[in-house]
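Per-chain residue numbering starts at 1, and chain names A, B, C, D and E are given in the order in which the chains are listed.
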């Protein structure tokens, strides 16, 4: 059983560090301890701050720039495959579809740039495919993958207008950085991929503007990509999961997906709010920092909690509901802060002392929400008869969720696949990868078809590149 | 399928030769030809043993709570539904709640692609099959369930088993672990929505037909009480709208 | 010729030019910073636009920024005037504000 | 005094001219900007034209507020286009 | 005539079931039971309240399960069998409804013994006529009205009714 995650994960800031970081006045200086996440989120920073320069050097030497063709051998650590004795489920992607019918004569590779900005992360990545079907032996190459995150003060969510401003003001610098890191010239590119949706309207629009201008300037076709499909295809490519049930968990989405008949079909999903949204909103109630991400800080607090408090548990078949849980735990937190000693769950009725901490609340929230996620995933696995699970989306980085999923999958003798921060959290490379698959199947977008859409269901996309 | 869970089940089932037929999300389903207390006269008669193992991934407190709650909820609902007019569910043979075990009447038989669940039967795409009347019958039965104030909680085509009544297939509802009693229109509407979504994802090619047949049966199942039916329908449309309108941010 | 604009309404006309020396121009607009809301919550602006290159397009970017500021300020003054003339926060005004919020922050597409 | 809401006229008009170096640049800007719908057609009309190397934009709105929001939004995007051209042409 | 059976999950116990008609000493049996006379260590069940063998064995199963899990509510396994016939948690009520009455003439007698020791027992304490214990025989002495009242059931179909009774027995108190 190899369940090692990417080493850098361990160096993420602790909750206290994150807190200190946020209280520090401007100008922005990332924490010294921060490495992979801090560096990804701030890779584009051309701030002359020496600390930041150091950080870039660290990243450059270990992760990105010194490996010209950054391929997945480096990444095999990031894959969690809990049962190696499985039925060859990690054979990789074997496809009968001809992905090369539009290949340019004499050219042996395809290269795409991807632009993502559907929420508060702006990402640009460049990917390369060789001719032929993708497989363990013929894997996609990540040439660069840079990201910058819009961060708000503790207790606040992000407004679309400010997020859009962030994207607009960074997008050109990120594209430039991405091209430089990849060492790719514009002549090598085959297409420009962008997120068409789903997501927040203004941020999506701010990014597609750059994509359209670039496409005309370089005379390259545009490919609009469904954000969720980007997550799924990148997850499959990175981990080698062949035909998994996909748990897609992020700030805006909570879905259990499985492939059939050229569509990624949604078997289960939230009936109200998304998991990431639920965690973010609770983080706001607690007024904990949004850096590096609210969910990450809840995870750190939860690690220190131990008292389990019973919360509502609402699973409806393969669907689930979270708004009731959020309302309930918000109330508990508010009673705790206000010292409402009549609350018997929080306060010992004899001593009037709090018997529950903020850490316990985070712990209980995670235990309850994740148990629900694992349960609906398992139900979908039983329903479609598969024993592979792939976790994608920002919340997929959560180690507790991954561990719980692993425990479930072990009981089914199956395999779990997850990626680390670079691919779990919204990024440009997944848009490049999924877009390139569409490109190889001959798909092209006219300018008039590049208007972004806030609502774009996963099952609307015809998955032409799979059998 | 996990061996240690099977061993655990067997440790609670001394002298009962069981064979695992499926591993659902929360239970292992075994069949056996040994009745827990009756002498079996009929050779080949089978019984279902449903075992809810502890879930390692869940916090022990939550796990104990859910396992107990669901074993009992299922048993109680089956007790209420068994013998009710126009409803078919398996009968209870024995309950070992402390070990999470339910003994149930065996429902269904083998068909070309596995057990005779509605899911497998629809997957056969049998041109001679009368899917329409079958799905109407399922809708009708769900309506009766709802009129009794019972919500299934996990309506899928896997959870409808088919039994031969003469030459006709008749539906039988199973797996009430997520079921509960409720007379709220909302709960019934969500129950239907969950089914609609399951049809959509599991039987995408014919989902429109299947869903409309189900709904016709559901309407008919309300008999004279069309007012109640309309209330559920109205809320069902709301629930669907919520589904479509739901924020779909990345 | 730098970028320019002409505003017209009910007989009134106003012209905007951006014929300003290069060193008075910047890519950082006065009216295009972070929202007041987020600043009031203690945000710091880490997301200023990149500085303009010393190129024709760099200059154009600065000029458009200036033009945008001028137009925004001019129209804002007119809106304030109109509001004070009317003397009440009429429902039409609220409706308009709602409209503005919709454009900036998005709304349901259905 | 009628309860019926009066159809408002497009009384607020703004014309903007942005000179690029080449017609190609102006065309890229036009084609990039004109795809996205801005507000409802009842509230606003926008037209883009390229005249030699100049991008000419014409806005008609029912109020100053609508005009301001629309113009500022288009100019925000325009700045991105210019930056892209500046950096990658 | 009688039934001797071992439930597969509880091989350590052997279960004997007998049925008597025209019993004349029910009052005496009941008095000795109350006194705790060891010779009367049986389950004496009012046969009017029993519809099927399934009902009886289901109660035996329930009693043995609770016994082996250390969860019995009454003093002996034999009184527990009678309690197990009941759909409610009230022990006195269960004994009154399902146990022997002064005027009982149709009796079902159950004896559970250790399979290894095969202890002897003496049924001569019952003065009556032993009969077969098939479902047919059980039905002949059953009073449906009483049974339906005891279990609060309405079904006319006796197979369904019997299954419903089993469910009530299995779910008591859960």
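Please note the rule applied: a residue touches a chain if its C-beta (ideal position, glycine included) is under 8 Å from a C-beta of that chain, and two chains touch if they have at least 3 such contacts.
As the structure is a prediction and not an experimental result, all values here were calculated from the model.
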Farthest chain relative to chain D (centres taken as mean CA coordinates): E
Chain located farthest away, centre of chain C as origin (C-alpha): E
Interface ranked first by C-beta contact pairs: A-B
Between chain B and chain A, distance of the C-alpha-averaged centres to the nearest whole Å: 35
Centroid spacing, where centroids are CA-atom means, of chain B and chain D in whole angstrom: 58
Interchain centroid distance [CA atoms averaged], chain B/chain C, Å: 60
Residues of chain B touching at least two other chains: 244
For chain C, residues contacting two or more additional chains: 32, 49-50, 104, 108, 110
Residues of chain A touching at least two other chains: 165, 168, 172, 200, 454-455
Complex interface listing, chain B residues touching chain E: 13-16, 34, 36-39, 72, 75-76, 78-79, 82-83, 91-98, 105
Residue ranges of chain B touching chain A (in the complex, touch as defined): 1-2, 5, 22-26, 53, 55-59, 61-62, 65-66, 153-156, 158, 178, 190-191, 193-194, 197-198, 200-202, 204-205, 239, 242-244, 246-250
Chain D to chain A touching residues, read off their complex: 27-29, 31-33, 35-37, 76-77, 79-81, 83-85, 87-89
Residues of chain C that touch chain D when the two form their complex: 1-10, 27, 31-32, 49-50, 52-53, 55-58, 60-61, 64-65, 67-68, 71-72, 75-76, 78-79, 82, 96-97, 99-100, 103-104
Chain A - residues contacting chain B, complex: 116, 118-119, 195, 197-200, 227-228, 250-253, 258, 260-261, 263, 265-268, 270-274, 277, 308, 310, 313, 315-319, 367-368, 371, 374-376, 378-379, 381-384, 403-405, 407-408, 410-413, 426, 454-457
